[in-house]
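Listed next: structures, encoded as structure tokens.
Consider the two complexes below, in which chain A is the common component and chain B and chain C are the respective partners.
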Partner chain A sequence: MRTRTDRRKWADALNGYLFISPWLIIFIIFSLISLGYAVYLSFTEYNLLRPPRWWGLEGYQRVLEDELFISKALPNTFKYVLIVVPIQTFLSLVLAFAMDQNLRFQRFFRTIFYLPSVTSSVVISLIFIWIFAPQGIFNQITGLTVNWLDDPRTAFYVIMGMNIFTTSGTLMLIFLAGLQDIPLAVYEAAEIDGANGLQKFFYITVPMLRPVIFFVVTVGVIGCFQVFDQIFVMTNGGPLDSTTTITYLIYKWAFRDTRIQMGQASALAVILTLIILAVTLLQRRVIEGSGSGAER
Partner chain B sequence: MAVTTSSPQAQVYARTVFFDRLRKYLFFAMLAFWAALSVAPLYFTLVFSFKPVADIYTPPIWAPIPFTLDNYATILGTFQLFPRWVWNSVFISVIVTIFRVLFCAMAGYAFARIEFPLKSFWFNLLLISMMMPGVVTLIPSFLIIGPGLIRGGLALGDLRIPTGFGLIDNPWGVILPGVADAFGVFMMTQFYKSFPKELEEAAMMDGSGRWGTFFRIVLPISQTQLITLALLTFQGAWNNFMWPLLVLRSPEQFTLPIGLQWFRGEYYTLYSVILAGSIFNTLPILIIFFVFQQYFVRSIAATGSKEG
Partner chain C sequence: MNRLIKLLLILTVLALGLSACGQTATQQPTPQPQTVRETVTVKETVTVKETVVVPAEKITVRLSGWASSPAETALLESLLYKFSVENPDILVKYEPITGDYKQVLLTSIASGTEPDIFYVDIFWWLELAANDALLPLDDLMAASGVSRSDFIPALIDAFTYEGKTYGIPKDFNTLGMFYNKDLFDKAGLAYPTDDWTWDNLREAAAKLTDLSDPNKPIYGFCTPPDPGRFPVFVFQNGGTVMNSDYTDTTLDSEAAVKAAEFYTSFRTNQIGALPSDLGEGWQGTLFGKGQCAMVYEGGWLIPYLRDQFPNTKYGVVMPPAGPGGEGNLIFTVAWGISANTKNAEAAWKVVNFLTSEASQKAVLESGFALPSRQALQNSDYLKNNPNSAAIFNGSFFGAKPFFWGAVGSDVNDQMAKALERMFKENQPAPEAMKQAADSIRKAMR
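Our next item is the complex of A and B:
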């Protein structure tokens, strides 16, 4: 009997590892080893031509003294996150709330709202370049003559607006699913107590959705800190570096500059990871700390 | 619906009805406005893809006047690279989807059902890795796919073990890192955990082993979930930009997004052709989206409520 259970155990162990092995191999190579090597590279000077040369914290120091990082990429990235995340979260929440009330057209709107999210980031960027060209459709409709993407005062906001536009549909669907989980009885009880629509929204909907809000904000923060595609396609970090973000800078240093600096780029990648980690934890405390939170 | 509140006074009731209706109209107007905004860019793209190249900024903006099929003719006939890009995109996306769905289902099943040493250790690592931003592994992953972490390979006595796959400018270099990922495994694990065991146990009793049970019983009954994961994966692979941008170098190897971006750099004046190409990139996903809509909605709803 004992040998049988033993054999069963061995078979399970073997099968378990065989089942996870494809994922495990990819995970070890492209996550574990990659992460370890990224940390190692961040302490070296590496330009692909000669082997990495250890230079300790020099790379980090160079990043922190880099003019482009300190005065452009860092503030730009934070500005981007601080503007895009709240707007897209609030907008998609309001849209989801509105949709939850109009049951009749829900399917139709759901489909339409999701359209921008299905389109690839490159294609939507190419379309926006054309729409916001000096003689483009946007200026034609509004009668303005702004050169949106060539003006350092406006280019970044066009990109922000575009990303709010493309992600809100997906986030709205996430909120809608969360809204439909809230029992109707809670709203009815509030109505009997005389709560109006706005009160219901802020005292029932928002607190009950806290876990979903946390999820949406987290996904938003992680995504926005790494914004790249749209910037690469639309402005290449310009005009006058007004749209250079941290991820774009990492790309630029590691792959694009005439002097490739993979070590310094890795140092910046590690810094970005730490920033994202810190912001995510902070944000979790803020969202979970205020009020008791909904039970889950 | 909302007007179920039973109020004794008719006056109050009438006011409630009035405000209810007003609110409904306001909400509806808001939804309609956002719907119009959501459709607008694609609509304009479609319109101008049917207008001559010279009319790229010329009104009317609402209808394709004058009408032409030239841009599509350019894509499909004159410019040989476009069909290539479409094919590359299809090839990469389909291969990634097939492998990723299979591998994630296998790993998810093992994490949910099989007891093996260090199981919770690996699963926790998986959860942590989901929080890790992709940028941080970008440079090493590029080195691993391409020239290798160590030039000339890892020396082991006389043996030199290569540390890179040498797959730069090769579609497999795009495919390889995408064939399994933490999110997919997590999603399948959660699914199999919430799934009744009885059927599998009956099959195991009948003497089919783990593998037989998995392929004959488990995979077929988790069809819906597999389709959901497949759709998410296909969409992601089809639209992927940063990774193929690094790996693929020669225009013949480009995927459609990389190709379109490159095309814009080379032929800036042919923007109508770019718009027609954009339609080509968007259309397959749109069709898939309309056909499998409920799966998309499910998958998104699932991501929110499960991790929340």
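Our next item is the complex of A and C:
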């Protein structure tokens, strides 16, 4: 009898693995093995032309002593996360709340707000390059003469603004789904108690959305730590390194420099992973710890 | 009874399957001379004709480069076609790489799948040679009677490492001073000549600048913070970017600092501008639009102007000499052969054909690059095209290759940043150049 149920279990498990095998095979080959290899490379000196040579922690030490990393890439990345994540979370929450009311042309607006998210980031980057060119639309409308993308004081903020613009739509959709889950009865009860719209938003919507907010913030933080393509297309890390982030620095060391430093770049990639891991754990404690946690 | 029949059935099926497998297994290793079986049915009698076809021993050679323009690709393909006619035993597979060429090439070398022949850029070829990824070509050259002296010395020297030749320059460019004839006429100035100096350049820039129309300001001279332009001024001031063995930078030397002061003075005095000031990424466009009266650019600007700005009248002279004499930069690309190639001789045949005088003449006459062979200096094409001739001849006057050693990209970055700090943050030249040199030295360790 026992062997029989065991066999059933095995068969079930096998069936399950069979069904996920296409994804599993791709994951193992392109993610797990590459990840493991990257961790191995982070302990080596590797220029792509000669086999990797064991280096121990030298690569990590070089990263932590690198001027560009310490003075530009690291602070820039944190600045980016700290500015973009709160704004895009709040903006998309407000948008979702607005889209949840019975407005006219609701579907039209939902589509409009979501449109930037389905457009390729390279295309949006190019459009932003034109908008913020010295003779671009933005300067013509505002009458300013700022060279937005070529000025170290402004370039990074343009990229931040663009990222908020593109991701808010997706996050809005996630919030919208979350809003549908809040029972109407709660709002009705609040109305009977005399709560106004603002109070309902801050005392019902926001607390009830806590798990969704955690998800949105986590995804946002991870995405912001990994910002690359917009910077690659728009500024190449310039002007004067003002838009160099950790991921751009990884790319620069791994592929762009004359002397390829794949080991050092891998070390930085591992460090970035650890940073993201630490920040995610921390915010999980903050967001979940502050509430009752019962909703989950 | 029933069971027995079932068993028998299964056994026979298995046996059939096994025999089938056995058959295919024995058939699999096909011999090199292919056997073609022709089955001809003639009035119910079946005869099997066996003909043995021995394929000609064809060597396949893979060749890669970036594809900078359809016209250039077409030229290469036509040359390769000519080669295939003359050498039917060698099959050249052209595999152009789009996107980031160096990145693709390096990863293919890392995985051992690189092409036999590929472009190597002057800026990073030494990394490949120093790591034994390139084949030294001297023996192959000697065997087919090709001498280093057939090529322009500055070009062939640029691809030499520890006394060995690692690449045959396929073409090159230097910088010429492009000037807009209409703007010179409007300002009542005589056209520049090859004997101009820095003083002439400054005076002309002042006279050509016309900022009366705020929507279309005209500047005399464009000074991009570009590490592919600025070093010319350092050379012309008697300085260098790196020391002779590339172990140290000389960007904080007196000559380089003074060159930086001269280069940035145009914008400070409002007689020059950066392309980004005028909303463009490249000064070539501004030259075509008539917003930069003079620019230092390479021969690539000639076909661009022909296509995009056919009405812009212009001329090209060699860059004006500075206090330290003539100076110029050489941009060049060579054909290199992989050190891991299995067909070195066939690969060399291809390279030798592509850099032969006949092929080089075709390159020259197509108009987008200059040939690396000395013999073509007196060709009719250059006599009839003074603009191209100015750029060709630039290689003989104080021209140094666009190459700064193993930390080349850092040197480029730091030069660009030093210029940007001077332009945008008004940092004094000595301070900016010192900061650049310090950063480069740090990157060198």
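List of remarks:
Everything below uses one rule, namely that the second predicted complex is superposed on the first by the 270 of 296 C-alpha atoms of A that agree within 3 Å, B and C clash if a C-alpha of one lies under 4 Å from a C-alpha of the other, contacts with A are read in each partner's own complex, and residues count from 1 in each chain.
The definition used in the following text is that a residue touches a chain if its C-beta (ideal position, glycine included) is under 8 Å from a C-beta of that chain, and two chains touch if they have at least 3 such contacts.
Keep in mind that what you see is a predicted model, and the values were worked out from it rather than measured.
In the superposition on chain A, contact is made by A:273 with chain B only, not with chain C. By the touch criterion defined above, A:114 lies against chain B but remains apart from chain C after alignment on the C-alpha atoms of chain A. More residues of chain A are in touch with B than with the other of chain B and chain C. When the shared chain is aligned, no partner comes close enough to touch A:204: not chain B, not chain C. In the superposition on chain A, A:182 makes contact with neither chain B nor chain C.
Looking at the shared chain after the overlay, A:287 reaches neither chain B nor chain C. Once chain A of one complex is fitted onto chain A of the other, the partner contacts of A:133 extend to both chain B and chain C.
When the two structures are aligned on the shared chain, A:260 is found in touch with chain C, with no touch to chain B. Once chain A of one complex is fitted onto chain A of the other, the partner contacts of A:239 are limited to chain C, with no touch recorded for chain B. Look at A:147: by the touch rule set out above, it reaches chain C but stays clear of chain B.
Where the contact sets of chain A with chain B and with chain C meet, they give residues 48, 133, 135-136, 255.
Residues 47-50, 67, 133-136, 147, 150-152, 238-241, 255-260 of chain A touch chain C in their complex.
Against chain A, the residues of chain B that register as touching in their complex are 1-2, 4-5, 19, 23-24, 27-28, 30-31, 34-35, 37-39, 41-42, 44-45, 48, 56-57, 59, 61, 99, 102-104, 106-107, 109-111, 114-117, 119, 122, 125-126, 129, 131-144, 147, 149-151, 176-177, 179-182, 185, 209-211, 214, 235, 238-239, 241-242, 245-246, 257-258, 260-261, 264, 271, 274-275, 278, 281-282, 285-286, 289-290, 293, 296-297, 300-305, 307-308. Partner chain A is touched in their complex by these residues of chain C: 100, 102-103, 106-107, 109-110, 123-124, 127-128, 131-133, 276-279, 406-410, 416-417, 420-421, 424, 439, 442. Touching chain B in their complex are the following residues of chain A: 9, 11-13, 15-17, 19-20, 22-24, 26-27, 29-35, 37-38, 41, 48, 51, 94-95, 98-99, 101-103, 105, 109-116, 118-124, 126-131, 133, 135-137, 140-141, 165, 168-170, 173-178, 181, 187-188, 191-192, 196-197, 211-212, 214-216, 222, 225-226, 228-229, 232-233, 247, 250-251, 254-255, 262, 265-266, 269-270, 272-273, 276-277, 280, 296.
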